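So the structure is just underneath, and the comments pick up after that.
As written, the chain order gives the labels A, B, C and D, with residue 1 at the start of each chain.
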Amino acid sequence: MPTILGQNQYGKAENRVVKITREGDTHHIKDLNVSVALSGDMDEVHYSGSNAHVLPTDTTKNTVFAFAKGHGIESAEQFGIHLARHFVESQEPIKRARIRVEEYAWDRIATSDSGGRFIGADEVRHSFVRNGQETRTAQVTYDGESFQVFSGLKDLTVMNSTNSEFWGYVKDRYTTLKEAYDRILATEVTGWWRHNWTSDEQRMPQWERSYARTKQHLLDAFVETYSLSLQQTLYQMGARVINSRSEIDEIRFSLPNKHHFLVDLEPFGLTNDSADGAVYFAADRPYGLIEATILRDGCEPQIPVDMTNL
Amino acid sequence: MPTILGQNQYGKAENRVVKITREGDTHHIKDLNVSVALSGDMDEVHYSGSNAHVLPTDTTKNTVFAFAKGHGIESAEQFGIHLARHFVESQEPIKRARIRVEEYAWDRIATSDSGGRFIGADEVRHSFVRNGQETRTAQVTYDGESFQVFSGLKDLTVMNSTNSEFWGYVKDRYTTLKEAYDRILATEVTGWWRHNWTSDEQRMPQWERSYARTKQHLLDAFVETYSLSLQQTLYQMGARVINSRSEIDEIRFSLPNKHHFLVDLEPFGLTNDSADGAVYFAADRPYGLIEATILRDGCEPQIPVDMTNL
Amino acid sequence: MPTILGQNQYGKAENRVVKITREGDTHHIKDLNVSVALSGDMDEVHYSGSNAHVLPTDTTKNTVFAFAKGHGIESAEQFGIHLARHFVESQEPIKRARIRVEEYAWDRIATSDSGGRFIGADEVRHSFVRNGQETRTAQVTYDGESFQVFSGLKDLTVMNSTNSEFWGYVKDRYTTLKEAYDRILATEVTGWWRHNWTSDEQRMPQWERSYARTKQHLLDAFVETYSLSLQQTLYQMGARVINSRSEIDEIRFSLPNKHHFLVDLEPFGLTNDSADGAVYFAADRPYGLIEATILRDGCEPQIPVDMTNL
Amino acid sequence: MPTILGQNQYGKAENRVVKITREGDTHHIKDLNVSVALSGDMDEVHYSGSNAHVLPTDTTKNTVFAFAKGHGIESAEQFGIHLARHFVESQEPIKRARIRVEEYAWDRIATSDSGGRFIGADEVRHSFVRNGQETRTAQVTYDGESFQVFSGLKDLTVMNSTNSEFWGYVKDRYTTLKEAYDRILATEVTGWWRHNWTSDEQRMPQWERSYARTKQHLLDAFVETYSLSLQQTLYQMGARVINSRSEIDEIRFSLPNKHHFLVDLEPFGLTNDSADGAVYFAADRPYGLIEATILRDGCEPQIPVDMTNL
């Protein structure tokens, strides 16, 4: 046979599972989008169409919903660990399972009572508003021996309205850009980070806390870095996370430079100066795109190059 | 000529204008998407292509940016009023101007200092994160005599995880739905409301405050209504706004019923009961769609039927 | 009661129904997205939550699928007529039904046999590829007495790479645009047209043929018009349809001016001239937006202003 | 330093370049979206913010437009080869350039003359309609020594309305799916294939012809395969390409199973049977997702696992 089968995987993608947990009148919500990808001894289904080794994708969907009830959803990562382990350990032909998750955050709605007094969100027990600031992500892979756990986020749009410069760059015959000494730096952060937890023999990270702290660290670094290039800001964001979170060995970012161009208002007799509080045109395309991995020294990279562009 | 020209309008759509205002080290941001639509004495450009009455759409774009600098952006509504008045009053052939605006909210980033102490968002002076909860909208129309001002929002996704029932409905030969006594009620609110301010002779509403209060009122009503149908919840949301905000005479909502279906887990030996904290499948399509206008008694409706579906 | 209910409607939106008809080995496909909106005697469900007059949206969904089997889908318009009539005539409280449809076209896949001979698409009997050129649309409204039928399309992207000019326009203090004597004219056509058929007493149009011809006429006019403004092109497109199709009395277009800006290559020693075959930057936002209705003389407009922006 | 920089790259993404070539009155159009990613000796810009090795992303944008004029756009692949070579060979710090391209196809508009005679598309010389069937893709990477050229497509939606079965699969405790002996098989093809051309010493493929033939081969295999699983169909599509196109050594597909569920119409007294021409519900999410690489025997895989999910 002149052609052979290479890497392959299959499963049900984008299972939208919502779990409400009731603690008396107080409800808690977990809202996930779960994608299952399985691989293993699957040559025959490709070559002949025999499904003898194929657990249907419909079954993987059912398993997601049954596990949400049976195990609950403590965190996206923990839920992924349960699922990945199940598929590999319960089905002989399946040698590797990858569970990808998007999580949508909901806040409690803060309300006011009929007398006009403000009621804190804590008193609102079963009403929620979708947060919308970022989408949290997770990916758990299990091969029967060890786990690989990535956590991440996307759609987190941030801006520094000053403390950003860009100058001293290479000029070739196609360079027309003017140097900038006070520009807006805005980006929509996509990041994935790898935990060094790989098996039950290690102490498992507190996934919810780890996520919250990691997000805070990368925001802190974004805010505090006086930026000479978006690459420098990216590196500071990654280094801050690696240096502050011992459970994380590797982080990768994809940071589009969401250009805000100072509008030329001279033709209308107006001076439009950054230092004076200026007017910008927020451009769509094209955009600069800065991508990099930051590693704990001595660690091997495992996050694929395009992982942050999915 | 057997064909004639009917309603027509033109202008530059989706001008993405960002205004940074500096108050010492503290920056403020307004981030708008502004669309201009002009109409008037425009037969000739349609019939013969003569542009003698046509202010170019490119000029309307320039005007948006110049006004953002010259007048600032106090609110989406105030900015729209400046622009609409300008086009009608400065160009003889233009009889009517409509300015549509989307506004994207940014929060200050809360950060922690290097010693680990938490710093409130107020101390962060020029770093922002896009809020993402909802998109604010506004539309100002001016015909040379009076203004029509609509304010609104979209993409505001809310959920009550209980206190919703649905029963007692009509059953015909195509009805298979089971009655529900404890269901999730989730929707993505799109709303437009009309202010009764129409000219400078009236006291102008405080647009920013009016928006914040209106949003709070509709959220309050969503939270507090024990719902027997989404129509009932919608009406309560609208009535609350009309009854609480004297500057608003009319409000229209489009509320998709974002179905969360209780998953049948019986085949897996699991009971999946709402009262016990259940697992739901969040469906995409199809979805119920509930739309209605609520009016102050005695007022004429002006918000078009599909305004909430744009 | 200080607030009252205004216009309201409800139903199941975006029912994705696919009908395969088998004619021996030759299959035919209709692929629709059907949205139902009902209105009538619905005050009580808004005021008190009583569903006594409410046919569930779930039932309207079931009806769509059952009618696709029972009546077949001859055309989007005919299918809408069946559905609208059914809801109004079978449910006393329902006084008006509006059916909106999107239709996705599929072509037969042209293939080649194993000997390398090309097989025409007609010989391929049950394999299809989605066409993707435009989305066809239809809207049928019935109030128990007469029908209103709109047909339309969207996402039809067209370009003339020459035969377009733009000059002789108004210049004010915000005008910086240079006049153009040979520019690209590109747009993404959204159009809705109204048929003058309103009841069974008239001869019903052949909906499939009417759509195909109308699309051809508007394309013909786009191609053949030497354009001095996009408004002129729009009017020609509409007038061609009205003059050529006696079953259509009104048409409305929304035509974004998809700007293709000539790139300034002078800094790199290159001349970039339209007449010589030039390089353009295809911009996203902002864009000019030209909208107008063209009517058969003596007819009343019925297509709402924002219908082409949904 | 406890953290180090890993893989990194930067450049301007999504440059929307349109090239019109005039051959007398007959125009030709190339419509591309070009993304540049450069890497090399870039540690310093990340560590200190020094831009001394950084060619601005704005310059890479200018280069795309200048090359479209200077070199023309013969094909997406050839254009990528010009650009990748230029960046690596003209800038000492740049060791590797990756050019990604999306291409949008335009057809000539077929029109009819005023006498009603049909005019073939060939006679229409400068009017185009965007095709919309699929988006063509290409990626060229150059490291100063050899090229890696991928071609591909996405958004190609195809359906077999019969000749597909699914049975004989694994049943575990979460399996509820019924076996199917006559189902719809529909998918939206995303594929990438790798050419074995790597340097000027080899004869370069005819990129346009290679693309057209490869697309035809994968469609042929889709049509002709009587399918017992989507994996089998996928493999046949890949094997057909490898066996038929000697310039291609590897191909990877991501095929979502666009489920068309037979609607249960029994409650309405209707039989809905595939063999009789049935009504289906076209579901959005979740969906099965089948991914695999097919290789010429003896070749090493180079297409990344998630390349087909970008």
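Methods note: a contact is a pair of C-beta atoms (placed from the backbone, for glycine too) under 8 Å apart; a residue touches a chain by one contact, two chains touch by 3 or more.
These figures come from a predicted structure and were not determined experimentally.
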Co-neighbours of subunit D and subunit A - touch as defined: B, C
Most remote chain, CA-based centroid, reference being subunit B: D
Contact-richer chain pair (by C-beta pairs counted) among B-D and B-C: B-C
Distance between chain centroids, defined by C-alpha means - subunit B, subunit D (Å): 37
Rounded Å distance, subunit A centre to subunit B centre (Cα mean): 28
Whole-Å separation of chain centres (CA-atom averages), subunit B against subunit C: 25
Subunit B, residues touching no fewer than two other chains: 16, 62, 66, 174, 176, 267-268, 284-285
Residues of subunit A defined as touching subunit B within the complex: 16-22, 27, 29, 31, 62, 65-66, 68-70, 106, 109, 111-112, 124, 126-134, 155-163, 184, 216, 219-220, 222-224, 260, 263, 265, 267-268, 270, 272, 275-284
Touching residues on subunit B, where the partner in the complex is subunit C: 1-16, 35, 37, 42, 45-59, 61-63, 66, 90-91, 93, 166-172, 174-177, 227-229, 231-232, 234-235, 238-239, 242-243, 250, 252, 256-257, 285-297, 301, 304-307, 309-310
Interface residues, subunit A side, partner subunit C - complex: 173-174, 176, 267-268, 284-285
